[in-house]
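Paired with subunit B in one complex and with subunit C in the other, subunit A is shared by the two complexes that follow.
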Partner chain A sequence: MTLLLASPALLLIAVVFGWPMLRYAWLSFHAHSVLTGLEPMANGGANWLRLAVDQRFWLDAGQTARFALISVGLELLLALAIALLLHQRWRGRGAVRALTLLPWALPTTMMALGWRWIFNSPYGPIEVLARSLGLNSLDLLSTPSITWLVTVFADVWKTTPFITLILLAGLQSIPEDLYGAFRLEGGTPVQALRSVTLPLLLPYILLSLLFRLAQAFGVFDLVQVLTGGGPAGSTESIALYAYFNGMRFLDFGYSSTVMLAGFLLLTSLILVGTLLLKSFGVLRHIDP
Partner chain B sequence: MKVRRWLATGALALVMSLGALVGSASFRAEEVSILMPSSFTDASADLVKAFNHQHRGRIHLKLIRGPLNTESISDLAISSLLLGDAPFDALLMDVTWLPKYAAAGWLEPLDTWFDRRDQEQLVQGARLGNDYDGHLYRWPLVADVGMLYWRTDLMDQPPTTPEELVAVAGRLVESQAVTNGFVWQGRQYEGLSCAFLEVLKGFGGNWMDTSSYTMELDTSAATAAASWLNDLISEGVSPYAVTNYAEAESLQAFKAGDAAMMRNWPYAWAELQKDDSRVKGKVGISLMVAQQGQRPGATLGSWGLSLMRQSQHQEAAVEAIRYLTSEAAQRERFLNNGYTPIQAELFNDTEMLKASPVLSDLMEALNHAVVRPPTPLYAQLSDVVQRELNGLFTDAGSADEAMATSQKLSQTLLRATGATP
Partner chain C sequence: MTLQLRAINKRFGERQVLNQLDLDVANGECVALLGASGCGKSTALRLIAGLDQPDQGSIRINGAEMVDVPAERRKVGMVFQSYALFPHLNVWENLELGLRMRGGTTSARDDRISSVLEVLQLSEQARQRPSQLSGGQRQRVALARALLRDPLVYLLDEPMSNLDAQLREDLRPQLRRLMIGGEQPVVYVTHDQQEAMALADRIAVMREGSIEQIGTPRELYLQPASTYIAQFIGRPQMNLLPAQKGVVTGIRPDDLRLDPDGTPCTILSREWFGSNQMLLVHCNSADLRLVCSGETEIDAEPRISWPTACEHRFDAVSGRRLPSD
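Presenting the complex of A and B:
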């Protein structure tokens, strides 16, 4: 009976998720490019062998993971602080709450285009400011060791509100009397944060982490517009590499392989994360 | 009474539908649409109007205004072609797309419509980059080559060798006559490959032999070319910022009077003669520098019209292509928009020469046109070079390593894609 009731949802998942995944898997065992006249031709595991020794893919995988972990980590810390602040009662809170959401409401492409001009050298405002302070040119978008931090910055700016929103909802679900009781027992606000707020907020934190990690790992539009993957490929993500292979190089076999490999990497990343959390006993609060 | 009203209404409806039928039969013109970057649709608006007036009732031409950016419009075209039912009959194509699109089977050969006589009327540079596998797939609309822009108020002659360029630029920067010596396109994108190819030719090198898929990127000439570009930045002839410059940024710097020389396409000339230009009337154009005894190269960047294989209106579309590339159309586009013509004759035309003092320099550059490797894998191979060169400019490392890596990665790619065993 349960299965019957769930079947429409399962069918939907099978159609919009299962089928494309199977198709990717199938394509990844075929040569399908301009050289084959855009016809799929089975080539065994050649694509996967190519991927295994493709330095660029592994470099991109490392860069993508670095980007995802650091930006989501920063977003979580910032969002927690902002959510706690916005949960307090003070005048003008409503207006500030609305304002905090603004970056998230903007389309990523527009936002990325904006940052590209702001960080532009030598005509962007940041460069002009640096020069007027007597500093050297910063070249934020053309220095491989720095540019990835700019993408992290832009991502944090844009998606912190998303986590804030989830955490704020979580905070509002914590009953006020718990804090009252805690105060009665003589607990300080810092202790309350540790023993009441954080444990009860944990499911929300994990939920937002899951959402954001999956999203950040598949980052595409931000880097495509802000840096195009440069300089020297230092900001290229797995999704961008898959896109280049597919749309620009018309090599759909390999593009599917890259995409699928990215998906497998993400899945294992989340699996490892879950296992780690489990072994530390963090999940016992929310396990049914 | 009622019956009469019925009859009257019926008769009226009959007459109207008959009229509509007759009307649509005689006025149903064949719809032809062509996808182009917005700059080209804007520059062709008058031509389209004239064409539709001339072909009234027969052909109705519609230009689809695509994105300005080369890669964006390629993505758009490819997306619709992959879906199998592209909403355009012809496409304005960049020279580098052709082998890829032709190999994908999206293009209809034009051999039946354009013959040798048509080809012989073209200026040298415009004859290149239109063929694939022995068939003509593209008819040029504008000629386009990379050139060296130089300031006539800062030097008497443009430099012709790499050494001269460095010496002149160094002198000018040292005497503070100008902030930067030479601006070009060093960002990790296609423009860098174009700039590199010119310098590579100037050093006597070659990118690859496309017939045998032999890469020639680790030759001493290629390494010398990469090293020269890198030294321009490290020795201050070019600002570090060129590592993130595309055409627009270079033009901005040169137009503001901040640079003594610039590598750019012909369109820049008209921009530099506008009233907001600080170098108006002080600019000359020349060929990219080349070592003594080497023939200078000018990277071909032309646009041309291709016919889609699946088009239902091929004859009509070819008629539109002919019109848009006709001598009259070229003249109009040159005089109004500064687009370089493709017909050799027009370069000696008095009216055209009067309008532009640089027409003969353009012709000279077109005679030195070099094409980027015409292979369906070009985008991938160019990507490798862009990454390695931009990495060389922005990170520590040597030109030797960068070019050896380019060579190795390109060969790996050729093997992985099955182009070479």
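Presenting the complex of A and C:
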């Protein structure tokens, strides 16, 4: 009976998630490219062996993880500060709350185009500003050691509002009386942040972490539009590499392998993260 | 007098919530702030606790002015209507949190928590989260926390309004034993007049931000200062007869009696409670409540009367009590 009631949802998951995953898994054990006349031909584990020694893939995996962890970390810290501020009562708070959400409401492509123009050399406003200050050209979008920071910056700018929204909802779920009780117990507002707010916000923090890590690990549109993966592949993500393999080199077998490997890496990243949180006793505070 | 409120004013936006409120509570005395919702009773409590600031006025505890003392240093033990237990901590940790912040050795803390848990019969629940407790157990944890505060004043904000009637009656003796009648003044906010009468030494009935009458339950019941008090204290409500020559006469339902020589009336409804029963009768164009013994036989067309000595007389315009002749 339970299964019967759950079947519509299960069916949906099977169609939109299960089937593509199985298809990826199947394709990853086949050669499927222009060389095979775009017909799948079983090639054993050749794709996976190729992946294991593919330096470009592992470089991209490292870059993707770096991008995801640093972006999401910064977003979380910023969002926490903003959410705490927006939770306080002050004049004009409603308008600021609405404004804060704007970057998130913007389509990624549009905002990436905007930043590409702002950071471009030599005509972008940043360059012009740098020149007027007598600095050399910054070349923000063509310096491998810097350009990845620009992608982080753009991602933080766009998705901090999203985490802010989740955390703000979390803050509003904490009853006001708890703060009153905490003060009467002799606690200062700063102590309340540590002993009341953060533990009770934890489920919301973990939710946004999970959500955003998964999203950032699969980053595609932002990088594609802002840098195209360059300069010199320094901002290329796993998703972008899979896209190049499939759409540019028409090697669907290997593209599927890259995509699936990215998925497995993300899953293990989240698994390791959960185990770490558990071993530090962080999850103990969440009411089952 | 250890708790003293003088000329407290408090506004929330356009609304004057407290209006020149004065209150004195002596050591070991329990004063109930009684009133309908929105009368300012909870606000008064929050001002004493320091969770809100008064616009004007003075709050003294043992003679010391408290208005500029932050809540965390006021030493008040408060029980919230919502209990305000920390959901992410178990019972023991909930009680330990405050003790830890206020210092002291671990062993002294443990001893105090164990003993208070024992007194409140919560030892078994020490490792449980608030979400695993029953309403009555949560309420006792909240009491335990207030007790461990070693407060100068106890503030109870509708501490029993989320419990069922049976549990409330069971908890009253516990409250009496642990908090009320100790050394500290107790301010007990409630909208339940029965609870106020059962627990308080004096009751302050609040209306529109100030105290309409304060006195012992007996005084309020026998000498209500206004028609508002008269109808607020005592159940079933006091009967108010239509005004005659500017005077409203009030009679308690228990003072009405069936009398073969009395005024004839018709029965509108009858509620039987076992030891007593309540009749709603129509008599001389007024509907009156009458309470008599459950054993009494009721005629289809009874006659009623009341002793003049039992009449309460109020001014029809102001509602204030008129001096008895």
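In this text, the second predicted complex is superposed on the first by the 287 of 288 C-alpha atoms of A that agree within 3 Å, B and C clash if a C-alpha of one lies under 4 Å from a C-alpha of the other, contacts with A are read in each partner's own complex, and residues count from 1 in each chain.
The rule is simple: a residue touches a chain if its C-beta (ideal position, glycine included) is under 8 Å from a C-beta of that chain, and two chains touch if they have at least 3 such contacts.
Just so it is clear, the model here is predicted, and its values are computed rather than measured.
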item	value
Fit or clash - subunit C, subunit B, common subunit A	fit
First, second, both or neither for A:188, with subunit B first and subunit C second	second
Which of subunit B and subunit C A:142 touches, first, second, both or neither	first
Most subunit A residues touched (candidates subunit B, subunit C)	B
Geometry of the superposed three-chain model: angle at subunit A (Cα centres of subunit B and subunit C, steps of 10 degrees)	150
Contacts of A:196 with subunit B and subunit C, given as first, second, both or neither	second
Which of subunit B and subunit C A:162 touches, first, second, both or neither	neither
First (subunit B), second (subunit C), both or neither touched by A:177	second
Contacts of A:232 with subunit B and subunit C, given as first, second, both or neither	first
Shortest CA-CA distance in Å separating subunit B from subunit C in the superposed model	52
Common interface residues of subunit A - those touching subunit B in one complex and subunit C in the other	none
Parts of subunit A lying in touch with subunit B, wherever the complex brings them together	31, 33-38, 43, 46, 50, 121-123, 137, 139, 141-144, 228-233, 244, 247-251, 254
Contact set on subunit B toward subunit A in their complex	71, 74-75, 78-79, 100, 103-105, 187-189, 239-241, 243-244, 249, 252, 376-377, 379-380, 383, 387, 390-391, 394-395, 416-419
Contacting residues of subunit A [partner subunit C, same complex]	175, 177-178, 180-188, 191, 195-196, 199-200, 202, 285-287
Touching residues on subunit C, where the partner in the complex is subunit A	46, 49-51, 70-74, 76-78, 80, 82, 84-88, 97-98, 101-102, 129, 131, 145, 149
